[in-house]
Structures are given as structure tokens and as C-alpha cells.
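Chain nomenclature is as follows: A, B, C and D, assigned in order of appearance, with residue numbering initiated at 1 for each chain independently.
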Amino acid sequence: MKKLWQKDGSKLNPEVEAFETGGDLLLDQRLIKYDCLGSIAHAKMLHRIGILSKEELSQLLAGLTKILQLYKQGKFNMEMGDEDMHTKIEDYLTGKYGEVGGKIHTGRSRNDQILTAVRLYCKDQLESIEKELDILIGSFTKFFKKYGSIKMPGFTHMQKAMPSSIAIWSGGFIESLQDDKKTLKNAADINNQSPLGSAAGYGVPLKLDRIYTAKLLGFARVQNNPLYCQNSKGKIEAVILASLVNILQTINKFASDVMLFTTTEFQYFKTSSSVRTGSSIMPQKKNLDLAELLRSKVHVVLGNYTQIVSMSGNLISGYNRDLQDTKKPLLESLEITLNSVKVTNILLNNLIPDKIALEASLTEEMYATERALNLVKKGMSFRKAYKTIKAEDL
Amino acid sequence: MKKLWQKDGSKLNPEVEAFETGGDLLLDQRLIKYDCLGSIAHAKMLHRIGILSKEELSQLLAGLTKILQLYKQGKFNMEMGDEDMHTKIEDYLTGKYGEVGGKIHTGRSRNDQILTAVRLYCKDQLESIEKELDILIGSFTKFFKKYGSIKMPGFTHMQKAMPSSIAIWSGGFIESLQDDKKTLKNAADINNQSPLGSAAGYGVPLKLDRIYTAKLLGFARVQNNPLYCQNSKGKIEAVILASLVNILQTINKFASDVMLFTTTEFQYFKTSSSVRTGSSIMPQKKNLDLAELLRSKVHVVLGNYTQIVSMSGNLISGYNRDLQDTKKPLLESLEITLNSVKVTNILLNNLIPDKIALEASLTEEMYATERALNLVKKGMSFRKAYKTIKAEDL
Amino acid sequence: MKKLWQKDGSKLNPEVEAFETGGDLLLDQRLIKYDCLGSIAHAKMLHRIGILSKEELSQLLAGLTKILQLYKQGKFNMEMGDEDMHTKIEDYLTGKYGEVGGKIHTGRSRNDQILTAVRLYCKDQLESIEKELDILIGSFTKFFKKYGSIKMPGFTHMQKAMPSSIAIWSGGFIESLQDDKKTLKNAADINNQSPLGSAAGYGVPLKLDRIYTAKLLGFARVQNNPLYCQNSKGKIEAVILASLVNILQTINKFASDVMLFTTTEFQYFKTSSSVRTGSSIMPQKKNLDLAELLRSKVHVVLGNYTQIVSMSGNLISGYNRDLQDTKKPLLESLEITLNSVKVTNILLNNLIPDKIALEASLTEEMYATERALNLVKKGMSFRKAYKTIKAEDL
Amino acid sequence: MKKLWQKDGSKLNPEVEAFETGGDLLLDQRLIKYDCLGSIAHAKMLHRIGILSKEELSQLLAGLTKILQLYKQGKFNMEMGDEDMHTKIEDYLTGKYGEVGGKIHTGRSRNDQILTAVRLYCKDQLESIEKELDILIGSFTKFFKKYGSIKMPGFTHMQKAMPSSIAIWSGGFIESLQDDKKTLKNAADINNQSPLGSAAGYGVPLKLDRIYTAKLLGFARVQNNPLYCQNSKGKIEAVILASLVNILQTINKFASDVMLFTTTEFQYFKTSSSVRTGSSIMPQKKNLDLAELLRSKVHVVLGNYTQIVSMSGNLISGYNRDLQDTKKPLLESLEITLNSVKVTNILLNNLIPDKIALEASLTEEMYATERALNLVKKGMSFRKAYKTIKAEDL
């Protein structure tokens, strides 16, 4: 397909084209809905400031609604040779409605268009993750209430250390997720500003009503400085990914515990067969792959974070095409985290503490500190009490 | 020095000891003040709940105040053979005041002690960084007001693109820093919870008044779950470092611009000689090393973030000594960021736009979009106007 | 599809299944060829050691060849519900050829099967990259010969420093790529060992002829220790990715230079229009997106490296399902690097030095060191000569 | 101290100076020896090509030897206000020997000087690491011979899977370290080229004999292209660190196993008290902190690798001061790895398998695959045999 900027005769080298757009078209495919929503808001605003007539607006809205419909039906698909979704949408509008299609890009650059679509996508995903976090916190709370009174060993240095309980163990995850939610909300807030109208990063000599489009799109505010709209690329993504890292750290800790505590040697928990898988060679095996694959996810998103921060360093202000490559780690990380929170909930709901095994594992030496503190209560200094108890074990 | 836990006769291999504590003692040296503050609060609380008599409290407070004094004078220094600062402080107290020294550790573990000291350190550093950010925002605002009206080229793909101005350029950094401040405040809030009283991660069978110590230490709240106090290690550090990464991303962008815009080919800005350095071989050179060394810092903290997140993955709940190695990247990153914000301010205050060079660089082709939009104002569709202007350049 | 290990009645939760296999099936799709090659070698070996009859071997070879054919025609595709390619292939064989299909897995685990397929894939890709590196070195050598004599400024601190030449500039990339090739060959060598026959990581009580399968598959040697076959997962990947990082660092340097040297302010090089793209809003622009997208790739692979090393840390010996998530960053990084080397070659072949601009930029102050050294030749100490020349500029 | 490039009257802002050199002086302190060795070789070469008289050479060699002596005695120390070690050394020579000191920098830049010192440092450290690896491989071999015949369970998914042995377990580490040694040698080879004589990155108009200095310094070859000497900064460091990552991955795996296998629940191994430490609060505890602190190191070096690769991206050819910040992660990583290999050896030498516990843990279900293969030997297809055995467990 001819590019927006191509004059007749000029031609981009096809290998270069494949390198530049290959994987990116698949990512655009997930963003088409948000690009249409951005265009709808932009068209309404262009009408409001007198650039589009009422009729032109109707045509464009009809066209964009049609694309949304086709998209939903799986019939509006990026193909190799397409430059990007923005061009494909403009071409569709021009093809079906004529000259008016050429008006949709007035006062806009693909630079602010892609920022807008990505922010809207993130907004949706972050809200979904927050909802799933609430569900997971709810499940941990139920677990806490149901099993909290069961005693279990507490570990330090991977060794049994002091008496603990399911209440302490599961309650820790609740507090952890609550902290994670705070940081997630901060990320959602940083993301919640409209870049639409910043054009290529320097505005345009037209009186665009940026507050109006921001409101139509549900953004909390306008990202005022047009150059910062570009310069925040790589930074807002980093804020979002860092918040996802926290969530996945909490999940990693839970999954790491579950992996250890379901070994034959520990047997602190049982899991239902609906969350276990088997081996192709060992008939007897039932593995908890789910916990392993949950454990790995924080590392995936850490790497994605590294990509984004590393990539956006040492670059001057303004649009740099390098940052197209932030799209993949961003979208991927949001999806991974959303799914991880969901299946962590499934894992938790299929986890049953083995009360007998847990309490049997509370062996006597774990009460050494308590015994020392009993001496303290009788007036001995702690360090002397500590040494007294320690000596008993000689 | 004998370790707290050593019985007579047992001995740690000296190479193992050096490996385990070597670099860590230098880090502890920076935390001694905060460990004393934590101990002062803990002692007051032990008195309040009846474990220390009034006299014992006085002795301990006198001892801890003395250590603070010696520390300030550079006379309380960690040495090879010391186990850690906690032990050194307890030993000092016992050495000078006898048995009462052995009471300071009642109801406490080095696990919650180090958490407390590190949190207090972070609290201080984060507040300092916030103050320096305000100063830097103030400087950018002055710069914006003084030079804002000067026109300059706006770049995309590192090529001149559209007319911009010092106002747009410098204003972008103001908004960026304001966003960074939000994320920094979130990090400060997550850090602002007291782990003191969580002991080894499972509490103790004593009625410690954790709200009281939290208040004495200026924490906003108690970190309630004792196991989460341990499990948040590696996570709170990650939240803090991610917020520092953002600040350093903004600084990196500024420094990258300054590096390009002060080349002979651009000459958009002049710098005063107090921020430039020379060459050992080339008599004519004056380099802006400062901007280069500012540019590098985001990468340093990114690597430190990677250390912390990677290190804390795949570990079970509770204290793991591995995470001692989070101390260095944490302390280093806070110091790097604090210093970077300070010297960015110096760089900015020594930067003068070259009005003549800037405006001369606004060449005609940069107004192509404006010309296209003039056609749009006369009723042409944008895409047609774009093509019309493009054709002129044939 | 029923899993190999499923008994009637047991059922994996479908969300869990999607989480565990979702993205992985797409990756398996790229490996099917190599899994079939591994199975062919394994079948031949089973015949050789008397476990398969001649007829059984013929049937299995016919089936595997058929799959390879279907695969090539795009007719053997992983679908949601499939467990993995290994199971799909075994099921196909059993479905078409009956009981003999159930023999292909004798003495084998999916653990060594996937290792084998991935190693073969890497072997192929590493060889392709090496070939493309040779082509690129060839192009740089041609460039060096054609334009080497043109003088150009050499930069330090992004400032003009001393006289240089196209020979020095382009020759630097040749030496860089030669070093990169060495490290790539080391990675290829580390990868070039056959894990087939290690089964689940502990061998099997059958006399498998591992040397025979290694030879059939073109491996340089057998990876002898069965547990190390598993434990090297995450490590061999790291060796490979680190070698790709080097190549992409060289390309990043080249692309960074090209980006700067093609700005209007520098104009050291011209590029042909077949490697440039346009803007959707600014009619006048022609951008070198290609160089930007080459610049970003080292950061992508750095992040992938981080994923792999971070993910494989703190895990015990033996198969851990976590490491399934190394597959994506590995395959992606190899493809990115291969494509990057190819299009770097295209960029280089479309780059023309602007002799006039380059030589005009060699301004007088760049000869200051030369002037100082002329004084040295007359007997002055270098430091005094340096100061003499420096003083002239007062 | 006055900088080499300072004219009277000009002054660097002291905060800027502290920012630029602060931490770096401590690193230079470790490199002084190597900088002197580089200067000795350079002086000899300057004499050989007729720039220094015999007497001048004697004076400089006397001075440099004196510095080496003072350094060894701890009397030649970098102090705040020093610019760097190169300047300090030149100043010392000039101060003690007059004008001849000003000749040592003839035909040299601090750019090639620091490269040379760092390469020599790395050369030494890499050789030491290789030696320690050989010692460690030796210890594993002894362990293998002494205990190899003891049976132990093999794990997959952290669950008991198939029968294994100490031979398989410890043998895996031997092969792993052998692979690591190969990659280390490749890194040592890439590092083993002399940058001396490349000056600021563009050579000098003097006939320096680079082959001669390379030989004097023990380098395998000259790094020919002067610009590549600079451009390889960040890349050679990356090659080195990637090779260290591999070693630390192997150590991490060993330490992870040891941590699990020494829990009360497993008790597969005992350790001697000389490698364990105690708790400040729990009298009964004996922890294996050493294994935890070994486990953490791969993550530290991974972060350092990230710093270096990220920092050196998106920068143009030639010296960039940013890369001064590669020095710390490089030196630190080499020291960490050297120490880690040493103490891993200590840990291994203090590890004793508990034969009774190990063999008792080989429970019956672990022989399920063997039982299936026994059916295979009687002619049943593997998949059918697998299902037969699986059904028994119903």
C-alpha cells in the first residue's frame, strides 16, 4: 500500500520496510479500537472548532464506527505492506467517503495519535488489573479467615525459625498487594493525561480544543507541553512496568512458597488436580507447572522494563522512532500481569493447607526464643537469656 | 570481635567472614546514625511496656547518644572483624554499661533492626531529593521566563521538523519533573511504614508497642504484618529505585540535548567555563563532561534496579541473607540521584541560549506544515494540502 | 486435545492451560522442523539399539517426513488446546500409524526433546548470522577502500577533536565485527553439544547411543552429564544472547553515527531515498527511521538477556518449567540480530560520504595537538608545548 | 591540585568536580600499578623511537618505580582534588624530576592510558579467576570420586522424579565450569589487545611503535584501529561480564541446591560449623549465609552488565566520558567473581553428603519410569507401558 508520504516513483526497500514494520503491525492490530476512539474524539473536536462541517463529521463518524464494527468481527486486519494502523484507517475513510477522509489528519501527527491510542489501551488494562487485584485480595482474605488459625513454621535463611501461622503467611500477601495497588494507581494516574493535540511534538498553528478531546476520551487531564508528550515516551511506560514488577514480585513470592511447601518433603499444602500437569515420561508425576510459570513472570517484565529504559536513554528531545520498540514490551507486560493475577487467584483457590503436617512440623527448637523471653520476663537480660538457652543445646 | 551467636570454640572461616561482611561494613558505616535512632525508640518503648527500668533506659540513652556523638566526630567506625553495626553497638553498650547492654535487643532481631535503619535512611534521602527537585523546577521556571520567547527548531528523528521555542523546550522538563515528583512521593509513602517490632519476621511473644516506636521515629504508619516486613525487602527498594530512574530519565534527556546543542555544528547554547573541563592532549578542547556524566546515571540506577529485582526473585518468604546485597545498590542510587539533581541545577544555571544561532537555524522548510494548514484554512482537505506542499519541493 | 499424561476424567483448568501454553504454541510452531529432525535421529538410534524393528522405523520415518512436508506447506499448525509440539507429533504418528507412534518416546523425555530442538534451531540461526556478518564485513571493506582517503573530523565528548578519515571511521567497524565474530563462534561452540538422550535430566535405564544421535544431528559432541543438560538451560541461552548483544552494540554505534552525521547541521553523509521514510504531517521530511530502529535493537536483546539470566537464578538443579519462558527471548533475539545485520548492510550500501562537507569541517583548531607535537619534535617537552599552544588561543 | 588543562584563573565548580571524580578516584587507586606499568612501557618506546634520551628514560623509570614502591607501601593515594591518577603520576614526575615529567605524555592521551591500565587489570584478574576455577573443578572432581556412588533423588519441577546420584549431581557442576572456562578464555582473548598508542582515538602524527609496547606489556596483539580502541569500550567490558555471569550462574545453581538440601526437611547434606553463622535472636539457629550470599552474586553482576551495555548505547563513535562509569561495575564484578569462586570452593570442601538420608529418600514411585521401560523391554510400546504403570497408581 502506498504510504501517506510517498510521491510517485519513490520506493522504500522492501527488506527495510519489513524490518521497520514487521512485528509492529501485529501490535497495531491490538490497538485499532483505541486509534478509532481517538479519531472519533478528534473529529468531534475539529467540528467544534469549525474545521469539519456537520455533514463531514457524520461521514467520518459513520466510517470510524464501521471500522470498529469490522474490527470486532475480525475483518479489519493489518497486513504486510500496510504502513501502520493510522494510515490504514485514513485510507479506508478516503476510499469509502472520498476527500473527507483526508481531513481526519488535520492538526494531528501520527506521533500524537499513537501516544493517544497507547495511553487509552494502558488505561483500560490498568483498570482491569486493579479489578483483578481486588478479587485476589478478596480470595486471600477468605483464605486468611478460613485457615488463619492453623499454626505453621516461620522460616529464615530457608530454615525453620519461629512459630508462625497461616494468618501471618497469607496476611503478608494481603498487605503486599495493597501496597502494590497504591503504586499501580500512581502509574494509572501518570498515564491518565491526554497527549492528543500535541501533533509532532510542537503543536500546530490551529486552535485545537485539547481539553475537549481529553474529556471525550475520559482522560483526567491534558498533558500540556507538546514536547513533553513525546519526551514522556519511555518514561510513562517505565512507571507502568515498574508497578507491574511489584505485583509480579508479590506473586513470585507466593509461587515460590507454594513450590517449596508442596514438595513431598514439606507437604504443607495440597493442590487440586485441576491445577497440576503430568510428565511425558514419568507416570507417577503431578507437577505444579502453574506456580513455576507464575514465578517466571516478574523476570519477563523486569527484562521488558530494561528494554524500555535502556532504549530511551541518550536520545535527544522529540520523537525518535527507536521508541516504537517500547510498544511490544509494554503491551506484553500488561497482558502478562493481568493473566498472572487471574491465575494466581485460581491457584490460591485450589490450595488447601494440610493442618496435620503443618502443625507436626512445629518442632521444639523453634520455641527457643520464646524460652529465652520467658527468662527475660523473670528479669534476666536478653543476651544472657539467649546464651543460657543456647548453652542448653550443647 | 566475637559474634553475638558464637559459643566459645566455634569459629567462622576468615575468608568466609570477609566474603560475607567485607563491603557491607562500609555500608553500615553510613547507617549507624539511623540504627542508633531506631535503638533509642526501641529502648523508650521497652521502658514504656515495663521491660526496662527508668534507670536502665537512662543508661542506654546515654550510651546511644554517646555513640551518635562519636559517630559524628568520625570516631565510631566499622572495622574488619566486626560482624555488623548492630553487634558493634550492643557490644559498646555492654562494654561501657554492663548487663543493661544485653537488654537492648529484647524483642528485636537484627532483621527488623536493619529494615528500620534502612527505611529511616531512605526517608531522609527521599526528602532531600524532593527538596532538590523543587529547586531544579524553580531554576527551569526562571530559565523558561527569561528565555522562553526565543524561537528554536523542534526536532523529530534528530532532524529539524517544526518551529519550537525555548519555552516549549524548557517547559517540557518542568512538566516531566512534576510527574517524577509524584512518583517519588508514592515511593516515599510506600517506604514510610515502620517495620520495628516485627523481629525475625514472626513477631515475639511480648506486647511490643509498635505504634509508639513508629511515632517516635516519624513513620506515617506501622507495617503491620511481620512477615511482610521481610517480604517487602527487595520490593520497597524496587519502588524507590524505579522512582529515581524516572528522575534520571528526565535528566538524561536534558543532558542529551545539551550535549548535542553545544556542539560546534549546533551552537544553540553556550556554557560558562566553570562547568567545562579540558583535555590532556588537545590544547584547544573544552568539554562538557558534566553533561556526559549526568547522562550515564540513569543507566547506573537501571542496573541497580535489575540487581535488586533479580536478586529477590524465586526466594521463599522470610529473611534471606541474599538481600543484604540490596543495600549497596539502594544507598548508591539514592546518593547518585541526589547529587545528579544538584549538579543538573548547576549545569542549567550555567547554560545560555545563543539567540542569534537559534533563530538563524529556523530555516524555511520547517514551515511546510504551517503552509499546508494555511491551505486547510482556505478549505482544502489536509491530505491534499500536504501533497500540494510536498509537490512544490520537487 | 488430550494430554499425554491425562487419565480419563482428570481435567486441567482451561484458564490455567491458556496461561501455561498460550504464547508458547506460537514459538513451538517455529521449532516443529527441528523437533522432527530430533525425532528422526532418535528413531534411527532406537532401531540401532534394537528397540524398533526395521519396519517400525520405516513407519516412523515416513510419518515424520510427512509432518515435515505438511509443515513446509503451512498445514501442520499448533492450535489452542494442543499441549505442545512434542505431543502433537506423537499423536499424529499414533493416529496415522497406530501403536508404533507410542514407541517414539521410548527413552526420551520432552525435557531433552525441547533442548534438542532449540539447540538445532540456534545452530542454524548462529550459522546464518555468521554468514551475514561476513557479508557486512565485506561491505565495510569495500566502503573503506572506496572512500577511505576522505578526511573527516574525529570526535571526543561529541566535540570535534582531531583529524580522522573515513578509513579510520569505517575500519573501526571492521575490527569491531571481527571481535564480535569470535565471541559468536564461542557461543556457537558452547551450543554445539547434543542433549538428546539425557531424558528428564537423569538418563534412562536403556543403552541409548548418544554419540550416534549427536552425529546424525550434526552436533560437535555429546553433552555428557544428563543433569547438566538441564542445568545449562538459561546459561547457554545467556552465552548466545551476550554474543548477539556485542553485534548489536557495533550496529548501534554505526547507526548512532549515521543519525548524527546525516543531520542538516552535519551533512557528512547522504542516503538514498530507498532507505528513508516520510512524515504524515510534515511534507518536507525525509527520515532515517531505519537507523533509529537499528539503534534500538541492542536494548531489546539486553532486556531479553536480563529475562533469561534473572529467570534462571535461585532455582535448584533439574528441569524447572519457569525456563519455558526463555524460549521467546532466545528465538526473538536470534531473529532480530539476523535481520539487523542484513539491513545494516543495506543502510551501509546506501550511504555516501559528502567529501566536500567532510573536508570543510576540518577546522584549524583541530590541528592544535599536531602543532604541539611539532614543538616536541624541536625538543620541547610535551606538556610545555601543550601549554604554549593553549596560550595562543587566549 | 591544578588540572593539566587549566590555565591560570579558570576554575571548575567544586560540586561539579566532586560529582565528576568522587567515586572514580577510589577506583583509580586500584589501578595505579597498571597505569605505572603502562607508562614504563610507553617511556621505553619513546626512547626507542628517539623522543626520550637515555638519561631521560632512566629518570622516568626511576620515578615510576618509586611510585610503584610507594603504592605498595600504601603511600601513594588518590585524594579529593586530584583530577585522576594519570595527572597525579605526571605531576609527581615533574615535581621530582623536572621538565622530563612533561615528556611522559608525548604521543599519548589519557584516553588510551586508561584503556591500557584497565585492560592490564582485567588480564590479571581473568587469569586469577581461571586459576581459581581450576581449583574448584579439582575439588568437585575429588567430591565426585569420594561420594559419587551414593544414590540420591533427581528432581524435576522441584519434585522427586527419578533416581540420581552424587556422581550425576556433582559431575554436572564440573561440566558446567568447563564450559564457563571456555567462555572466560574467549573474554580474556578479546581483552588481550593493546590500545596503547591510539591516543585520543585518532592516533598521533608520530611514529609510535605500538607492537613494541604491546609486547612489553604482555598483550597478545595490538588493537590496530585507534577509533575502535575507544569504540570497544563498553563492549569488551560486556564480553568480560557476560563470561562472569556464566560462572556465577553455575555457582548460583550449586548454592541453590545446597540451601534446599540442607534444610531440616531434606537433610541431604551436612556442613561444618566453620561455614555457618548464628542468629541474634534465635539461640537454636545455625544458618548457611554463605550459600545465600553466593546465590546473590549472579544478580549483582547481571545488574552491572546492564549498566555497561545500557550506558554505552546510543552514543556516537569516539571517547565519551559517560563510560567512565563502566569502571566501577567492571572492577567490582571481577572482584566479586574471584572471591565467589574461592569461597564456593570452601563451601564445597565443608559439605558432607548424608548417605543414609539420601538413600532413604529414594522412594518407590521414583522407579515408575524404570518399571515402564521394563514393559518396553518385553515389547510393549512406551506410551502403553506408561499408561499401564500410571493406572496402577489409581
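The criterion applied here is as follows: a contact is a pair of C-beta atoms (placed from the backbone, for glycine too) under 8 Å apart; a residue touches a chain by one contact, two chains touch by 3 or more.
These numbers come from a predicted model, not from an experiment.
In the contact between subunit A and subunit D, the residue numbers used by both copies make up over half of all numbers at that interface. Ranked by distance of CA centroids from subunit D, the top chain is A. Rounded to whole angstrom, the centroid-to-centroid distance between subunit A and subunit C, based on C-alpha atoms, equals 27 Å.
Centre-to-centre spacing of subunit B and subunit C amounts to 35 Å, using the average Cα coordinate of each chain. Rounded to a whole number, the gap between the C-alpha centres of subunit A and subunit B is 24 angstrom.
Counting partners per residue, subunit D has 4-5, 105, 111, 156-158, 161-162, 199-200, 204, 260, 279, 281-283, 285, 287, 289, 292, 295, 299, 302, 305-306, 309-311, 313-315, 320-322, 369, 386, 390 as the residues that reach two or more other chains.
On the side of subunit C, the complex with subunit B involves touching residues 156-162, 259-260, 263-266, 279, 281-285, 287-289, 292, 306, 309-311, 313-315, 322, 361, 363, 365-366, 368-369, 372, 386-387, 389-390, 393.
Within the complex formed with subunit A, the residues of subunit C that make contact are 3-6, 10-13, 15-16, 18-20, 22, 86-87, 105, 108-111, 199-200, 204, 273-283, 285, 287, 289-290, 292-293, 295-297, 299-300, 302-308, 310-311, 320-325, 329, 339-340, 342-343, 346, 350. Taken in their complex, subunit B has these residues touching subunit A: 4-5, 7, 51, 90, 94, 99-107, 111, 154-158, 161-164, 168-169, 171-176, 179, 182-183, 186, 189-190, 199-206, 223-228, 230-232, 234-235, 238-239, 242, 245-246, 249-250, 252-253, 256-257, 260, 295, 298-299, 302, 305-306, 309-310, 312-321, 369-370, 373, 376, 381-384, 386, 390-391, 394.
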